[in-house]
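Quick notes on the structure that follows.
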Amino acid sequence: MITIKGLTKKFDDLEVLKGIDLEVEKGKVVVVIGPSGSGKTTLLRCINILETPTSGSITISNSQLDFSKTVPKKRISAFRSLTGMVFQSYNLFPHKTALENVMEGPVIVKKESSANASRKAEQLLSKVGLGDKLHYYPFQLSGGQQQRVGIARALAMEPKVMLFDEPTSALDPELVGDVLKAMKDLASEGMTMVVVSHEMRFAREAADEVIFMDRGIIIERGAPEQIFSTPKEERTQQFLQMIQ
Amino acid sequence: GTNESQPNNEQESNTEDNNAAEKASENDLLAKVKDEGELLIGTEGTYPPFTFHNDKGELTGFDVEIAKEVADRLGVEPVFMETQWDAMFAGLDAKRFDMIANQVGIRPDRQEKYDFSDPYITSAAVLIARTDNDNVNGFEDIKGLQSAQSLTSNYADLARSYEAEIVGVEGFNQAIELLNSKRVDVTINDKLSFLDFKKQKPDAPVEIVATHEDAAKSGLMFRKGSESLVEEVNNALQEMIEDGTYANISENWFGENVLE
Amino acid sequence: MKTVLMQISLKIGLVKMYLNSIFTNPERLERLTNIAESSLLPLLKGAIFYTIPLTLISFALGLTLAILTALARLSGIKPLEIIARIYVSAIRGTPLLVQLFIIFYGLPTVGITIDPFPSAVIGFSLNVGAYASEIIRAAIQSIPKGQWEAGYSIGMNYQQALKRIILPQASRVSIPPLSNTFISLVKDTSLASMILVTEMFRKAQEIAATNYEFLLLYTQAALIYWVICFILSIVQGRIERRLDRYVSK
Amino acid sequence: MKTVLMQISLKIGLVKMYLNSIFTNPERLERLTNIAESSLLPLLKGAIFYTIPLTLISFALGLTLAILTALARLSGIKPLEIIARIYVSAIRGTPLLVQLFIIFYGLPTVGITIDPFPSAVIGFSLNVGAYASEIIRAAIQSIPKGQWEAGYSIGMNYQQALKRIILPQASRVSIPPLSNTFISLVKDTSLASMILVTEMFRKAQEIAATNYEFLLLYTQAALIYWVICFILSIVQGRIERRLDRYVSK
Amino acid sequence: MITIKGLTKKFDDLEVLKGIDLEVEKGKVVVVIGPSGSGKTTLLRCINILETPTSGSITISNSQLDFSKTVPKKRISAFRSLTGMVFQSYNLFPHKTALENVMEGPVIVKKESSANASRKAEQLLSKVGLGDKLHYYPFQLSGGQQQRVGIARALAMEPKVMLFDEPTSALDPELVGDVLKAMKDLASEGMTMVVVSHEMRFAREAADEVIFMDRGIIIERGAPEQIFSTPKEERTQQFLQMIQ
């Protein structure tokens, strides 16, 4: 589903991604871990083209973008619609209700009829357990509820791949569960997912593969049990000790 | 108790004292002026050749010299204070000035609120139009045309009497500016101001089309109740006319005697 | 200290005297009330036919211009940025009166003659455009980058994200400073009198020119301005509350 | 469409002609340069002796008043709040010109006579005080409550927290809008001519009154204002950068 | 050291603290846990008198405040100086360097000489491992470093009791360790501490007692092992399940 080859990203002189190669098969869930500043967020943002990579290529489904050439804006838009992004800080639209947040993409970008979009948005919000909060504004929702609206908003665009950037790290401990449940449900429905998260429970229960990144490269990858219990690389060991 | 009422009494008596002083100066502005040795004179300072600043930046002009001479004869120092037209009236009301020397026309509506000296100048009203405008040859032709006039001037009434459409302006300068920019057709204005303007800008495409026989008289202006001062000023003016000082000043600015 | 107190009590005494003199001098009082009464209607007419339309039209046009200027400043396109900068600097750096004079008396000398009312609209719109563009720019910049990105991530392009996500939020932030500009504009329209627009302040001058009660007429005009501004600030409050509905207090 | 284009090209033609006529008419050109040269010094004098001191003094006093007013508004003490509100509303709601008139021509009728320059300072300070108080109030409110609490938690009282923690941070937020007010003030000082202060704009009027080159003189004055405002905006930039040193860019 | 009796706090009609009784002996470390909204923060803020309690009394050392009467401002200031507060969001003064943040209280409130205060501040910052960051502004420091400056700032006022409100919950996982270490050092030096935190490791290693709060009352208290492994109350069990 996703194939990334030789992806690099520089901010001025700072090389944040130093040649990432990654493949994710359709329906698989990949969890990315690594210390702060290692480039996890930048990797996700490059896949969503919120940052333009410096070089390398990304293929999703059958669309390929090659960043050694300049890519036209039109193609970026089309490519972006293949992925849905869920942000650490939710980034809901504060001036729109939960329902309006989810409808916004279908109505404005896909030009769906308002009635259609509303019906679909309702279904999606019910699915993430918010069927009774349709007309609440973000400020009236808890962090966990906001994050689930964020997931529904991304899903409404029917992406092929969902990207999550530390979706639960801003949440109170007892609100984390609901969001993880919504993500697990999604995984079990066969969605392809790339998740940056340090939630061990989620990685253990839902991930097909765990990737450890440090300083812009992928150090190690493997099944969750393997990485967590018998990591091969020393840096992975050190890191896991720190956070456990 | 008694302690508290003490300052109260003091205040009242004080107010009364001042009350009396105030009344005295009100009733006798002349005494106040002589007392302080200063005559406060309001003027625009932007109205050549009557009141304006010369190359050196000094305030001068016909009205200014007349006022200076008057102050001299009263034995006091003239102090000129310059401001805009509307502020001039407010300033007189507020006792910021004792007198206004600014070519103020003597008119009944003004006399309702203010006192005037005897007239010290008579000026003809002239009809001014652009040189390229051949349709205006006399006052009768301005019916329905747009005429730029100071709303407070006698000339506005004159323009109205010939059924021109009045466009209100701030003063002479603005009227000429409007005429120049073809925003109005004519202006009726003071002959002497216009001559001065032509002297400065000889190639300006405007000219005098006609001169009106009715002439307007201007006087020095005072708050109501300044009788004693007005009387003294009138005396001074009369003296100036009799001993030839007035004629001198007039010749100097206009090359002729402009009293009548 | 004591002399200061005495002076103050003296001044208070004088104020009392003055007010007494007006209210016990029936002629003066009657004259003032008469003038105030008879001038109210012309002043209101000036406000309704000139001051208010001039304000509304200029503000609407100015706001449009302001948004375009703000976007130009933020566009990252150097020539656009520079033009926007020069425009804002020139307008903010010079007195409005001079701008009006140049438009009304200056342009005709180069062959462009515009009527008083449109001249005033042009002058005021350019002015609002410059001041408000800085406000709008700041407001747009105050919206977290994450909002743009959330818009992009659901497939929006620049225009869509701007219109649907950023401007609605920026408008909330910019209402208080914009209403400052609006209120200033209401009063600045009095300068239109200098280019022959007979708005309310001009009416006051005209009336005072016949009865020489400048202070009275100006105060009366000031009160009407105040009423207009007061109504505006109530409207401002309403709009703010409306836009605040999606924010916890 | 075509006729519009033709009209525009016609206008451009006229502008060219006018400029040509100036630059090919050596007499006219010389007259203008002469006037411009000889009037520069008086204008600069007006700026240096009146416009600039008036601006600086009024802004300093106004700012003090603004801080007090903002604190009154935020004090939670009802009477103080109401007084502050009325003050701000009355000043912002009425034209500056009228305020100056009332101070200079109105107060004497009740026995309080103040000289031109101090009158102007009072008028402008009251004005700055009202406008800037809203800016400062907003800036103070924009500082997170946690900053007050952090101050209290290390034992500070209200005054200490305000002075050491809140105002220094609020000043950063309020520099751009305050410099708006400052720049407006520079130009508003031209109104002081109405109450006998011979500041720069008055000088321009005086000079133009004798040579009738109003457009030239006003443009010249406008350029000097612009230079002053430009210098101010550079200073503003410096201060902003200084205060921004503790914020990541 | 601290004795709290019948402490209640109402916001308008909402009773957030419903009669808290709590004693903490000198030198002991108490960890408070409980679901979001249970009143943990409010309790700390009442002890620091950032909120004025509705009724009840608080005694620290030998000073008592009784909130059934109105308490004069002067006494609040004096009382507040007995406690030092560390905030979840650090609340450092952004316009002052680390050193200046720590010096601020001694210089402005205690009127100490600048030289003295600077020397002491340097010592405190070295103690929390920031001897080399004295002249950094908060924005130049990581979250963990900022929080340690916050601890030093509170310590500079030489409080009898230190209050911590979720001091690590805003931190990246690998930055948590340094802050917890600084807190453990403090505990081992005999500081009396009240800590709101869900960091099990800290509670296990440093706490003398764990308190579980829910809906404004203390449900259960005991030694850390007891609470975490064999909680008596059902609500405690449920909560611990949610967050583990």
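Each chain carries a letter (A, B, C, D and E) given by its place in the written order, and its residues are counted from 1.
Assume a residue touches a chain if its C-beta (ideal position, glycine included) is under 8 Å from a C-beta of that chain, and two chains touch if they have at least 3 such contacts.
Computed from a predicted structure; not experimentally measured.
Between subunit A and subunit D, the least number of touch steps comes to 2.
Any chain bridging subunit C and subunit E, meaning touching each of them, is among A, D; the list is complete. Chain pair with the most C-beta contact pairs: C-D.
The geometric centre of subunit A is 48 Å away from that of subunit C, both derived from CA atoms.
Subunit B has its Cα centroid 82 Å from the Cα centroid of subunit A.
Multi-chain contact residues of subunit D (touching two or more other chains) are listed as 101, 105-106, 109, 214. Shared interface positions of subunit B, defined as residues touching 2 or more other chains, are 87, 90, 93-94, 177. Across the assembly, chains come into contact as A-C, A-E, B-C, B-D, C-D, D-E.
Those residues of subunit D whose C-beta lies close enough to touch subunit E in the complex are 144, 146-147, 149-150, 152-157, 160, 164-165, 168-169, 172, 243, 245-248. Taken together, the subunit B residues at the contact with subunit D in this complex read 45-48, 52-55, 57, 81-84, 87, 90-91, 93-96, 173, 176-177, 197, 200-201, 204. For subunit D in complex with subunit B, the touching residues are 38, 42, 101, 104-106, 108-109, 113, 193-196, 198, 202, 205-212, 214.
The touching residues of subunit C, when paired with subunit D in their complex, are 11, 14-15, 17-19, 89-90, 92-99, 101-102, 105-106, 109-112, 131, 134, 138, 176-177, 180, 183-184, 187, 190, 201, 214-215, 218-219, 221-223, 225-226, 228-230, 233.
Here subunit E touches subunit D in the complex through residues 48, 50, 73, 77, 80-81, 83-85, 87, 89, 91-96, 104-105, 108-110, 137-140, 153-154, 156-157, going by the rule given at the top.
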